[in-house]
Structures are given as structure tokens and as C-alpha cells.
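A single structure is presented below for examination.
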């Protein structure tokens, strides 16, 4: 489902003496449907960078990143957009939304984008928000004013609204209490059960042990270390 | 008489104006630019109409001038006198006897016939100017027949007054092509514009435009499907001649605010009175 | 799939000075494209060339028309192009006054495009105008008020209603949120996003506000000195800019 072949990335900082920073080098990995893989490694090893490359958020200089057969590295923007809408979900650590939009609409939007009716989308959004213990009185408010933990849960609800065949999870259980952490882990397990291929970053080792089938240490791809 | 060329204008100017008139007749409703001359009267007093009249006039013509329907107002009298002195043509107040009729703000009640020419004095020839002040843009709109804006004006009327309140200067479409300003005639007169036997010429002196309707041209007043055009109907019969379907002027008769309604077309009214028709006012007087 | 709009080699000179040079891209149905760059970068020149407000010196702007398929709008006759700009195209100006008739009621402003394409039933026109005022969150009781009595944000929403009433497929926007209060901007962005999604609109948005493109645009072009220096997915260009100028632009934005 997710297939990386000889993938490398560098940052060129044109405004800082054109410094070239190699971030990851020659990554090859593959995640099958129904499998959850954890990226590990010290801070700065390139876990988030790799995740963003897979999502198409960062440009990849070399190699192939195949998602369900589509090469993100070569794909036209509109193909990447279609892929993100239908196939590839991403739960980042940050919530980025239009101010003023009610939380319910924020969560329902991925479903609306794939053509769900407003009422169906809303029903599922309500279900997820309730499940993630977001008080109902907040649903009609914009999440921009929420606490960090609440924003995180809104982000997760949004990320799990549509059953993406491939998912990227960046610290999904960070800053959550035990009860909500449990909800998120069960959501991940449900996603795996329906056949989603998942790549995640978990600092929470217990969570990682519970949902992940294997771990990939990103340090091996870090140029300075590998040589 | 010998102090002037026939009908005041020099022959070159007349030729230029006649060309504009012919072009106007060939493209009904299209505004033809022309080099309007300084006339011995101020703008707003019919300089456009006077130039058109002068250009079409021949020594054999019989000339009539009406201002708001009346032959005896200052404006009508001066223009009539002007052509008596500069062209020496015969003049008349009788609609049926005139071959050239210059008018301000009315069409005579009596139907005109083939061979007659009706010359309108036009203050503002551009019907779109109310909403689009740029001349370059209105010309483009005419050339591409983009007339949605004209209906915006009527829309505004209905939204504000509940009906189309434009009661004069009511825009028309000519032969399904050009939207035209019929000059400030009351919309009562609009139905007479179309299918008329006489030639209709429109002259705007200050704005330097001439446009025309050849005989028997199709002229349709703009409207909405659910707010169709309706010509105004008189509320009263004429107090002098009893006519029930002519356009009326309101006349205040004393300081107590008493008033009467009489035909604005003085020739029409007098002809009816001569023929024995009477209204409430002169009927009472006669009694 | 046929692009809705295919821009090819658009070039515009102002005398010796480059307005924009050799700009090309394809825009597909439902896509929103952002164009960013500083003042004088040529983004507005490009927008006006595409919308037919300026005549470009070279290049083609091929639009997939409903009736005849792809046609070059640069070479099509002026009546056809003007018809297009009243039906399938819309243009939202930065200053609502440039896009509205200030002496005409809100209903008349929205109804104008309908009347321009031949609608002649007052009741229907008014009903549609009122419906659209609702969609852009203007109270129906304001239908007979002139835009001069509206706030800046309301005027901008009225301009959008006026443009979208005929169901266009492509909307050009020139700094649509410029000059508005931040709170009003957010509301307008939300409205635009909803309309784009629900009507399946394609849009080209010129702005210097990176936050606006991040929230509205799927794709982004960065312009400098009349040239496109970088293009790609909006979040990719903003988060991992490749060109020196894009990096400078992104790093210059104040974080809040």
C-alpha cells in the first residue's frame, strides 16, 4: 500500500549561504494493508520529515514513494490532491483550520469532500466527537479557541472521519489523558482491522507496542550516521 | 431672407446632417454622431431638432412646431418664427397640414401619414447613461446588444415603487436590435412610435447625436413578463373637448386649488371643439 | 481529463518593462489556484490577461466552453468573450466598489447578470437575488438597500453573490480579502471555501496573503519580476519552498 524506494531528501537554504542539508538518504520501506509501522529514532533523525515526504508536503529529491500505485514524487498536484482526498489520511500534531468554522464542520469536511451528504457527514462527525469526549457545547464553536488536547482530538476525529486506505499519524496520543488515549488506540486498531496501512510516530512506547506490528529506525537513513 | 442661406445652415452642414440622417434611417435606433453647429439659441431649446429640421426642409414644406403638445408656447413660437424668417416656409398649427413637425416631448394625437416627418428634440440620447456613465462602454454595449443593464433600471423601479414608475423617456427596443431613448415623451405616446407611417428623426444638439425610425418600424417598449408595459391612461375626459383618450395637462384654475384637465395637444383639442365636441368646462360656459 | 483552463505562454510587456513572461499552467475543474508575489511581481497583470481585461502580447488562454469545448479566449471574438465573462466566468475585485453598481440596490446588483443573460421575469429574478443574499449571509430585508449603506465585508459578499448567481465555472479573484478586517476576512474565507466546494467551482486567487492561499488554494504559483519562480501543491510550496525567493517570502511572514 505504501512503498518507498531509494528515497532521499535535502534542504537547500538559499538565504543562508545556500547551505545544503541532507535529511534522509536512500530510504526503502514498505507497509502493507492492515499493517501499522512505527518510525523511531532520536529527535532530528527525520521521522516527521519522512512522514511529510510521504504525504507530499515536502518535496522528495530522489526515489519513488508509491501510495496505492501512485508515485507521490512524480504526481501532478491534482493527483496528489485526489490521493489525499480519497486514499491518504494524515493526522498532524497541529490543527490548521479556517477561523470561525464550527468544530462539527471541521470534522465533517473530509467526508463532504468525498461526496457524502451534509447530514451523513454531520452524523459521523457527531459520533466521533462524542467518542473522543469533546463536550457537545463546543461543537458549534471554532476549534481555534480550544485547549491543546481538545485541538488534538478534533484533529484525530477529522483524520478518522473518512476510512482512508493509507494513514500517517504524527504523535496521535501525545497530550491525551488515559481515557482519550484509549479511544485513539482503539480507532487505530479499527483502522487496521478494516485494512488500512498505517505509518505512525509514537513517543508513547506502550501505545507503540500495542498497535504497531514493527518498527523502523529512521536513524539508519540519516546521512551523517549511515556513512 | 437674403441675409441667410435657405433654412439658416450652410449647404455643407446640411449635407453632413443629411448623411447622418440617412445613416440613422438605414440603422433604425442607432445613434449617429454628427458635428452639431452652434445655433442662435441655447442648448436645451431644441438645437438638435432645429438642425435636423433645417436639413430636411424644402421651400415647399409646411412647418409646425409643438412644445409639450402646444403650438403657442414660447419655445414653439420662436422656432416657428425662426424658420419663417430664415427659410420663408409656410407654417401651420394643423397637424394634418404640416409636412415637417418639430416636437418637444409629445407625439401628436392625430395619426400621422406617409410623407410627413416628425422631428424630435432630444436632450439625452443615451438610454444607458443612467447606469453606465462611460460613453466608451455604452457604445460597446450597443454594438454587442448587451442590454441587461436597461432592465436593471426597470427592476429598480419595481423594487422601489411596486411597478415600473418610469412614465416618460421610457426605453424601447427597435426592430429587435437597438435600445433607444424615445426622448422625454410620456409613455402614453410610446405605442405610437411603432409602425408609424411618418418618418421619425431624433436630434440631440448638445450631445451631437442623430437617430431615426423609418416608416413602419417595429418599436417595443421594454418590460418584464410579470410586469408588462402599460401605456398610461387618462383618468378624466378633456375638460374642453371631452376627448377620453388623449394625453392631458393639469391646469390650475384659481387660487382655491380648483383645476381642470385639458388635452396637451392644442391642435387636436381645438379641432374637436370646432367639430362640436364639448367638455365639462366649456360646456358649462356655453350653457 | 480536459483542463477547464489551459494557460500557455502568457506574456505581457509594458513598453520595455516585463509585466509577466511566459506563464503557463493547467487548471482542472474544482481546483483552486493561488498566485502570490510582492507588489509588481506581475500577478495582477497575469490575472487581468487571463480574464481578458488586458490584451497579452503572446500566449493562449484556452477555456473548456460548455458548447464548443476548448477555445482560445485570447483570439475569440469580443462578443463571445464578453458573453463568457457574464456566464461561465466571474471576477471578484479587491475593491467591492469596482465590482458593484453603487447606485443600484443589492437585488438589482445580483439580478444584473441574470437580466444580462435574458431573464425577463421580475419575480424570478428577485427570488434568485434574495436567495443569493442569504447564501452570502446578507439579510433578505436588505435586498432593496444600496451597497453604499453596507459595510466593507457586506459589500464584498454582495460582489461575490453578484458574480456567482449565474453559476459560473471559473472565478478570478484579485485580493478578495484585502482591505477587510481580520475577523471579516475569516468569515469571507469560510464562505468562499463552502461555495467552491458546493458549486464545484474552479478559482484563481491573486493575493499577497500566504494565510489566505493556505486555507483556500490547492495549488500555488510564486511570482517574481513577471516570472513564475515556483509552482506546486500549496502546502508543499509553503512548507518546503525550493526557490530562494519563495524561501524568503515564506520566512518573512510574521508568525502569530
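Labels for the chains are A, B and C, by order of writing; each one numbers its residues from 1.
Assume a contact is a pair of C-beta atoms (placed from the backbone, for glycine too) under 8 Å apart; a residue touches a chain by one contact, two chains touch by 3 or more.
It should be emphasised that the depicted structure is a prediction, and the values quoted were computed from it without experimental measurement.
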Chain closest to the middle, measuring from C-alpha centroids that were averaged per chain: C
Relative to chain A, chain with the most remote C-alpha centre: B
Cα-centroid distance, chain A relative to chain C, in whole angstrom: 32
Whole-Å gap separating chain A and chain B, where each centre is the average of the chain's CA atoms: 77
Centre-of-Cα separation between chain C and chain B, whole angstrom: 46
Of all residues in chain B, those that touch chain C in their complex: 131, 144, 146, 148-149, 151-152, 155-156, 158-160, 223-227
Complex contacts: residues of chain C adjacent to chain A: 28, 31, 183, 186-187, 189-190, 193, 197, 214-215, 218-219, 232-233, 235-236, 239-240, 242-244, 247-248, 251
Chain C partner contacts - residues on chain A that touch it in the complex: 11-15, 52, 56-59, 77-78, 80-81, 96, 98-101, 112-113
Of chain C, residues touching chain B in the complex: 78-79, 82, 86, 101, 103-105, 107-108, 111-117, 120-123, 125-126, 143-144
